[in-house]
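Presented below are the structures under discussion, each in the form of structure tokens.
What follows is a pair of complexes built around chain A, which joins chain B in one and chain C in the other.
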Partner chain A sequence: MLEIKNVSKNYGRKAALRDVSLSLPRGQLVGLFGENGAGKTTLMKCILGFVRYYGTITLDGEPIGRRNISRIAFATSEHSFFPDLSPLGHAQFYADHFPTFSRKRFDVLMDFFELPLSVASRKLSTGQKNQFEAVLALSQGADYILMDEPFGGNDVFNREDFYKVLLGILGENETVLLSTHLIEEVSGFIGRAVLIHQGRITGDVSMSDLDERGESLIDYVKSAWNYRADRIKKAIDELDEGAE
Partner chain B sequence: MKKHLSTFMLMARFALWPTLAAALLGAAVSAALLFSGGVHGSWDSSNFFDKADYAVTGAVVLLFVLLLRPMRERGGIQPGYTLRRLGVSELTAYIWQSLAAAMGFFICLMAQAAVIFAFALYTQAQDQGPAGDMSALVMLYLSPVAHALMPLSDWPVYIRMLLVCCALGAAASYFPFMNRHGKTAFSPFVILAAAIFGGALRADIGDYTMEGVIGGISFVVIGIYLYAVHYRAADIDDEDDPLGLTGGADSAAQS
Partner chain C sequence: MRFRAFVGCAALLGLIWFLGAYMNGHANMFTLVGERRVENPSAEFPAFAVLMLGGLIAFGVASIAFLWLLFRYVSYHYRGGTRAAYTMRRLPRRWEFALRCGALPLCGLAACQICWRALALLCGLVYAFATPERWLPPDAWGEVLYLVTH
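Our next item is the complex of A and B:
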């Protein structure tokens, strides 16, 4: 269980996270949704210990440190691989550092995405870099896989394929925390949705609960964020009045 | 152990091409400068290899610049995110990177030494040296450039040069380390300039005071960088939190 308790984080005077509490049990595919600057990336960086924070984050009751950080994988749209190292070199390096690294999964996913094995990773296209980042995270053999906007630069078909592969390969004990803006696109693949707005958790719901209520994920998100559909009409009306 | 070896091999891999480029290019320039001048019948032994001095300096500067590139943030890619998730600490990764860089500087200087040695032998073979069959030995001893690279029995120079290589490696590796933390380090360039203009790549025979000073300064530089990396690695995101309003992950986890 990945437990986040009362986590707050400030960047200077700006609060990025405010008293965030969240539990992530094993074997869930969780969508993390929020507008730009809502705190999604910061939350992941707090989990990984990349930034300081107030509060507590534990993995099976233990603070996250060098002893257990290999149980968490991270795929980010910023990309975190070594630019001068080939994918094949990464596989060897990961195998040395992560005892649970699955070379088989790595090979299958590299083959699936038709990624080259021997070129320097920096030479991959943006879409390929995203795919490679995800391949490394999924092959690490981690219990928790944090994915921060992993699909930027990939077309819709590519993304669809990726979701299906993700569902197909994940073991029952693997948890994915998937941060994305593509709410409708991933709604059919995730089991739970967590909403974050202005640094606060504003919603946490299982997709089965939403199904039972007959509510779509996007409607749930809109209501949780007090989305005002009328503001577009209001703005256009104001513009029209100004023009007359 | 496997993790350490793997980390070192990664760093060595990234230092390999810069080292080869600087060593080969520097040696070629050095050979061109020395051999194109021909063998002199009359010369001052102490400045006989001065032409090679430019090549030695150039090779060291080139290697230093090339070593600033690997393992830093480039094109938006953040290798630091992976380095911080390894079973080895950031300090350990930095030490291995510094060691790989130091070996690069050593190899680069040895390439220069090989050219200078070859030219000394050539001069002796042409019977143009100052001391007959001992000419090569005498020339290598008397020239500050050659003596720094091949101190022969002058063992303090070996220690000093190893320390200089390690200090240059530590300085060159500090730049990408700081870059991974979103900052630019200028101190490596100061260290490089100090090494060049402070005579760290030259050694006068018997001047053990100077050996002690340069060796001591190099040792202190290495120590300062190790402390700085240790401090910075623990001080995770100061740049994000200039007012220090947030607590630390470690302290938070204990609370």
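Our next item is the complex of A and C:
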């Protein structure tokens, strides 16, 4: 269980996270949704220990440190591979540093995405870089896989393929925390949705609960964020009045 | 490769500078009277620190080059449209990132220090024992040792 308790983070005077608490048990595919600057990336960086924060984050009761950090993988739209190292070189590097690295999964995913093995990673296209980033995270052998907007620059078919592969290859003990704007697109693949708004968790619901209520994920998100659909009409009406 | 190149070039330049300055200083101790080359009593043999100035500059530049290398190694993990530092900071081995970035530059800086002192000692031996004693300042060996140890 990855447990986040009362985590707060400030960048200067700006609060990026405010008293965030969240539990992620093993074996879930969780969507993390929020507008730009809501705190999704910061939350992931706090989990990984990249930034200092107030509060506690534990993995099976232990603080996250060198002893258990390899149980968490990270794929980010910023990318985290070595630009001059080939995918094959990365496989070797990951095998050297992460004892649970799955070479088999790496090979299968590389083959599935038809990614070249021997060119410098910086020479991959943007879409390929995203795929490669995800391949590395999924092959690390981690229990928790954090994915921060991993599909920016990939076309819709590509993303669809990826979700299906994700569902197909994940083991029952693997948890994915998937941060994305593509709410409707992932709604059929995730099991739980966590909403973050202005640094606060504003919603946490399982997809089965939503199904039972007959509510779509996008409607749930809109209501949780107090989305005002009428504001567009109001703006257009105001413009029209001005024109007359 | 860079390691040997930086330190080797600095040592070679330092040695060439010393030998050139030493021979020049030696030649300046003489003057021509008619066609005869005689010792110039008013001439002063250069101080050891002056002869070693080239070596000091060369090793100074090599040290700066190693610091630049350290900066390059660290910044590499934030360049190329990717932040490899995220991967390095997630590694189970605590010191891996620091070692990969710092090992060579810091060893280079240490090698510069050691080689500089070795070169200064070698040149100091030449200075103290191959130079006629009357040309040397009063505490020439002390000056050599000061440069070697500081």
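As a convention for this text, the second predicted complex is superposed on the first by the 244 of 244 C-alpha atoms of A that agree within 3 Å, B and C clash if a C-alpha of one lies under 4 Å from a C-alpha of the other, contacts with A are read in each partner's own complex, and residues count from 1 in each chain.
The definition used in the following text is that a contact is a pair of C-beta atoms (placed from the backbone, for glycine too) under 8 Å apart; a residue touches a chain by one contact, two chains touch by 3 or more.
Model, not experiment: these values are computed from the prediction.
Participant: Give one word, clash or fit, describing how chain B and chain C relate on chain A after superposing.
Facilitator: After superposition on chain A, which the two structures share, chain B runs into chain C.
Participant: Please determine whether it is chain B or chain C that touches the greater number of chain A residues.
Facilitator: Of chain B and chain C, the partner in contact with more residues of chain A is B.
Participant: May I ask you to decide whether A:53 touches chain B, chain C, both, or neither, giving the answer as first, second, both or neither?
Facilitator: A:53 sits against chain B, while chain C stays out of touch.
Participant: A:97 in the overlay: touching chain B, chain C, both, or neither? Say first, second, both or neither.
Facilitator: Both partners, chain B and chain C.
Participant: Once the shared chain is lined up, is A:220 touching chain B (first), chain C (second), both, or neither of them?
Facilitator: Once the two structures are laid over each other on A, A:220 reaches no partner at all.
Participant: One more residue to check, A:79. First (chain B), second (chain C), both or neither?
Facilitator: So A:79 meets both chain B and chain C here.
Participant: If you stack the two complexes on chain A, which partner ends up touching A:9: first (chain B), second (chain C), both, or neither?
Facilitator: Only chain B is touched by A:9; chain C is not.
Participant: Of the partners chain B and chain C, which touch A:64 in the superposed model: first, second, both, neither?
Facilitator: In the superposition, A:64 touches chain B alone.
Participant: After superposing on chain A, which stretch of chain B overlaps chain C: 21-29, 111-119, 129-137 or 165-173?
Facilitator: The listed stretch with clashing C-alpha atoms is 165-173.
Participant: Do any residues of chain A touch both chain B and chain C, and if so, which are they?
Facilitator: Touching chain B and chain C on chain A: residues 48-50, 66, 69-70, 72, 74, 76, 78-84, 97, 121-122, 129.
Participant: For chain A, which residues are in contact with chain B within the complex?
Facilitator: It is residues 7-13, 46, 48-58, 63-66, 69-70, 72, 74, 76, 78-85, 89, 92-93, 96-97, 121-122, 129 of chain A that touch chain B.
Participant: Using the touch definition up top, name the residues of chain B that touch chain A in the complex.
Facilitator: Residue list for chain B touching chain A: 2-3, 5-6, 10, 13-14, 70-71, 74-82, 84-89, 236-237, 240-243, 245-250, 252-255.
Participant: Can you tell me which positions in chain A touch chain C when the two form their complex?
Facilitator: Residues 48-50, 66-67, 69-70, 72, 74, 76, 78-84, 97-98, 121-122, 129 of chain A touch chain C in their complex.
Participant: In the complex formed with chain A, which residues of chain C make contact?
Facilitator: My answer: residues 79-87, 89-94, 96.
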